[in-house]
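Some structures are shown below for you to check.
Two complexes, one shared chain (chain A), two partners (chain B, chain C).
Here is the complex of A and B:
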């Protein structure tokens, strides 16, 4: 008999694909019931801001994990880019370059510089056949050490004030019934109005989601994306089909480190400082977000939409705990357990997670 | 079959040595368009080595290869594929996490322009084209959107074969195509071989299952210890004669085989 999937089991697979969405809904319901003011526009914005770092790191990690690799360096590449961007902004400001230009150049050069760790990781993995775990673990150390050297082990301060205005600003400010403005609150409003004002779409989230959407599109719709899945599914078949596997792998690690650098830049904008440990513990979050989102650590599966849902699940957990007055480090216990559980499910019920279209 | 026609593939006096061992010793053979040739021999007779020379995995130490009348040098599997010689491997070289049509178009995806600007995958085209080639070969697969991992061994093999046919393979090399398949699936694969042959595709088939080979092959080439010891038209021979060629005995006691 041919192994065609049985009709009565199909609902199970559908559920398997959708369980994360249900889990996310469940989280919203539970925290809304037991928390205070959890279900509010303001709090959901906070969740989005909290999600930004994980979202960016997870977006890059999605590419790497689909190829069957892993990038352990993202947390400290993020720190490195954070320090580099802050340092350049401070230097340019000292050279009396305008605030706007300092910020622009600081961000741009940190993003560009952020491609470098990825290039090295990718070359090690693709050309020299170093296992991804080892190559990126080495980079984890190198990036951390370098960023501490760059900032002399002291967080960089004295950035242009405009940095915080951008990093903590919103795309829209809505004063119900009175005004709707872009980028900055309406001018000349009273104290009561400020309380009533609803800021919408945090800037850092907007920047991030645009980048994530572009790369999500690349992954899902383009030939490059298709090749990434093929490499993760059967690297020999990909080679035999004439796919430039080495080049693609290098690109994938560069994408991952670009997103990490973007995470660092967003951190600089939000906290107006350059810290080597900006993303220290975030690597775990990002890997777990990708795995919750349906990716297999054995490669070949995963999607950007899945990773976004995975990110929201973790961000919501984090914000929900703060809301309940629990320290955020509680979260890591759950996140760690979820990771191992997801891998166990993957290993023992592969058809459950990796089935279907 | 042969008649006045030109052979599609002709190998002349191929020699392949590994150190002191002569794995293939001055073997010559031809394959005509649409012909199914069974390559037979005991383990170590040199079948696989000869096949690997033809498919570009090994380079011969001596001898010549002609394809479509021209002498060719096949220095890599890619060279062979470019000429139209495809080997269907047992591990099949499919990406199990991708669906049927994506595998048929793997590495040669059809693109279209989104908003006249961004090149994206043209799923509809790849699906329709894949459907055409599967229909032409009489292959049934429930849905071309199914991932390869949901397919049976025989179906996977059919997909691998369809892929090479779609990309204009003229000569297929099949190494033990019916091994590890159930009876129904074996029959389907053999039917597919007949269909391919009827459509002008030449096939070299290696199998230990004499019964299978006799069903589909037009001509049989027998190797022993690296040398060609016999060549017979299938309808002019019988399994007993072939077995005696394979084992090298003038006479073998009759009995069960195939």
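Here is the complex of A and C:
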């Protein structure tokens, strides 16, 4: 394909490959012009924070979709991890463990626990040849039911107060010309200074983007990543080439449920509560983000950068709607149109499809 | 000498306050109304806010009325509104007393004043310094007292004996938690009345209906139910009607929606407590106006009263104003 395109078509090719990025840029420009105060460091950071749930779920889903599978359980695995982390924090706090340690242990054990559903999903898909749709749909129910049982059908509250300050805090607080502090605002500053202060790097986004970057690197730059594309491209050929398909598939589903669990933990930090339905509304958004980002549900294509752009397109739209005072359900119409558009472009211009490289 | 000094200080203070007031004047705040959920109660608050803003000539930004109750819906909306940069006051009903502390604090740190209506953060006492005492004021019904009075009235209806059940929404939402606490307190005065359960429907009417149906199956001798908000109460009376127990099981409900008033007329519900959401809205805007334009100190807590509807007074002309009609 590349051989055919020279000179004149080269720019079209590059433009085509980046069309979703241009779409995102278009959103930013439009909302910045017609919105109020949309183009500001504060607002963009809000958008990044609001995007963390979709971002994390989409990051895991990217791996699965590239193998030609789908993970429908991520939303409720996220809820399960959210409930588990909150429950452990509340229990440890009741046992008069310090706030910091309770939070740390709560998060860590939820992340570890979050690997389990992926292990089961992966084993079902790889070893027992259950279609991914069915295996993960089963886990969807199991995870949801389990988390409702764990929290008695009621969101867990009464977490250590520090949780909310971590989840809603920033890495840096910068007061131009006066102070620069880590983790909490400078002490003893007046109301006027507070207005001038610029908080930078929201904690939950920083945690999330680090994880996404690491796995983005693994996907794009390691042999394991290349094998995943190979499995999605042609699973039989991958087997013949001696790729340990089953082992890789199990890992892929574990990565997906790890990201889901991380989404749950970030939710706990942000909203100071453990809810079984924490990720329910975001499961489809995450698949949409991955597909807008150039992945095909038939497998073999997709990229982490694409999924990040897909996520931002959705998050930007949601915040833009609120900024304009429009009801957010308008976004479903736009997201629906963009989704179909993305698939159509990829179908009619196969040379634009972003393959792993 | 001392007297002169004291007098001087006093005069300076008074002049200072007056001058300060004059200088502060002219700054009309732009208000943002961020409802907690799309329901008739919040639409009535919104109506009060809009009318008062118009009267005082204040600019108003209305965010969307969310379809679901919860911090995960509310926080992104609040943050997006705050980030507009043109808002001076946000009026909102926090959807969780724990989860909203940090996000609202962050918005307050941007220089935006917060007024909480209907529900509060922390324990609702903003008068003592604490990590949640930063809002300007909390304007809402005395939910505890309402719960106590409902208990007494329901106890009268069921002859001061038997089993009662409570259907409510969330365990971390200040308003309904206090209604339940007040109800328990009121009922504790009746040794022959037993509260057999409290269930949480999370503001989902269908869930309320299922839970009440299950409670009626487990305790067929329930004689009274308290539904702590409109979804809880509407779900409760549907379950009671389906079980063929309308009129046998007395239902006390909170919030005078047109649906509940109709149910009262039809005998499906026996008591309706009406809050005064319109007044809550107008009070909130007045507080913002007084704080910004007149430089006044705002009381940290304002309590509009409530009104009880029964089948005897539901058609009284003077009672009609308390029905929630947001059109």
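In this section, the second predicted complex is superposed on the first by the 327 of 357 C-alpha atoms of A that agree within 3 Å, B and C clash if a C-alpha of one lies under 4 Å from a C-alpha of the other, contacts with A are read in each partner's own complex, and residues count from 1 in each chain.
Just so we're on the same page, a residue touches a chain if its C-beta (ideal position, glycine included) is under 8 Å from a C-beta of that chain, and two chains touch if they have at least 3 such contacts.
None of these values were measured; they are calculated from a predicted model.
Engineer: When the two structures are laid over each other on chain A, which of chain B and chain C touches more residues of chain A?
Structural biologist: On the superposition, C touches more of the residues of chain A.
Engineer: Quick one: classify A:119 as touching chain B (first), chain C (second), both or neither.
Structural biologist: It touches nothing on chain B or chain C.
Engineer: For A:97, decide between first (touching chain B), second (touching chain C), both and neither.
Structural biologist: It touches nothing on chain B or chain C.
Engineer: Touch test for A:168: chain B only (first), chain C only (second), both, or neither?
Structural biologist: In the superposition, A:168 contacts chain C only.
Engineer: Tell me the contact category for A:222 with respect to chain B and chain C: first, second, both or neither.
Structural biologist: first
Engineer: Mind working out whether A:278 is in touch with chain B, chain C, both or neither, as first, second, both or neither?
Structural biologist: Once the two structures are laid over each other on A, A:278 reaches chain C alone.
Engineer: Looking at the overlay, what does A:130 touch: chain B (first), chain C (second), both, or neither?
Structural biologist: A:130 contacts neither chain B nor chain C.
Engineer: According to the stated criteria, A:206 is in contact with first (chain B), second (chain C), both, or neither; which is it?
Structural biologist: Neither partner.
Engineer: On the A-aligned overlay, A:345 touches which partner chain: chain B = first, chain C = second, or both, or neither?
Structural biologist: Touch status of A:345: no partner.
Engineer: Name, in rising order, each residue of chain A that touches chain C in their complex.
Structural biologist: 35-38, 40, 42-43, 46, 49-50, 153-155, 157-159, 161, 164-165, 167-169, 185, 191, 194-195, 197, 199, 267, 270-273, 275, 278, 281, 318-319, 321-323, 325-329
Engineer: Write out the stretch or stretches of chain A touching chain B in their complex.
Structural biologist: Counting only chain A, the residues touching chain B are 2-5, 221-223, 226-227, 229-230, 232-234, 236-238, 240-243, 300-301, 354-357.
Engineer: Touching chain A in the complex: which residues of chain B?
Structural biologist: My answer: residues 77-78, 91-99, 102, 106-109, 111, 114, 118-121, 142, 145-147, 149-152, 154-155.
Engineer: What does chain C use to touch chain A in their complex?
Structural biologist: By the definition above, chain C touches chain A via 61-65, 67, 70-72, 75-77, 79-81, 83-86, 96, 98-99, 101-103, 105-106, 109-111, 131, 170-172, 200, 202.
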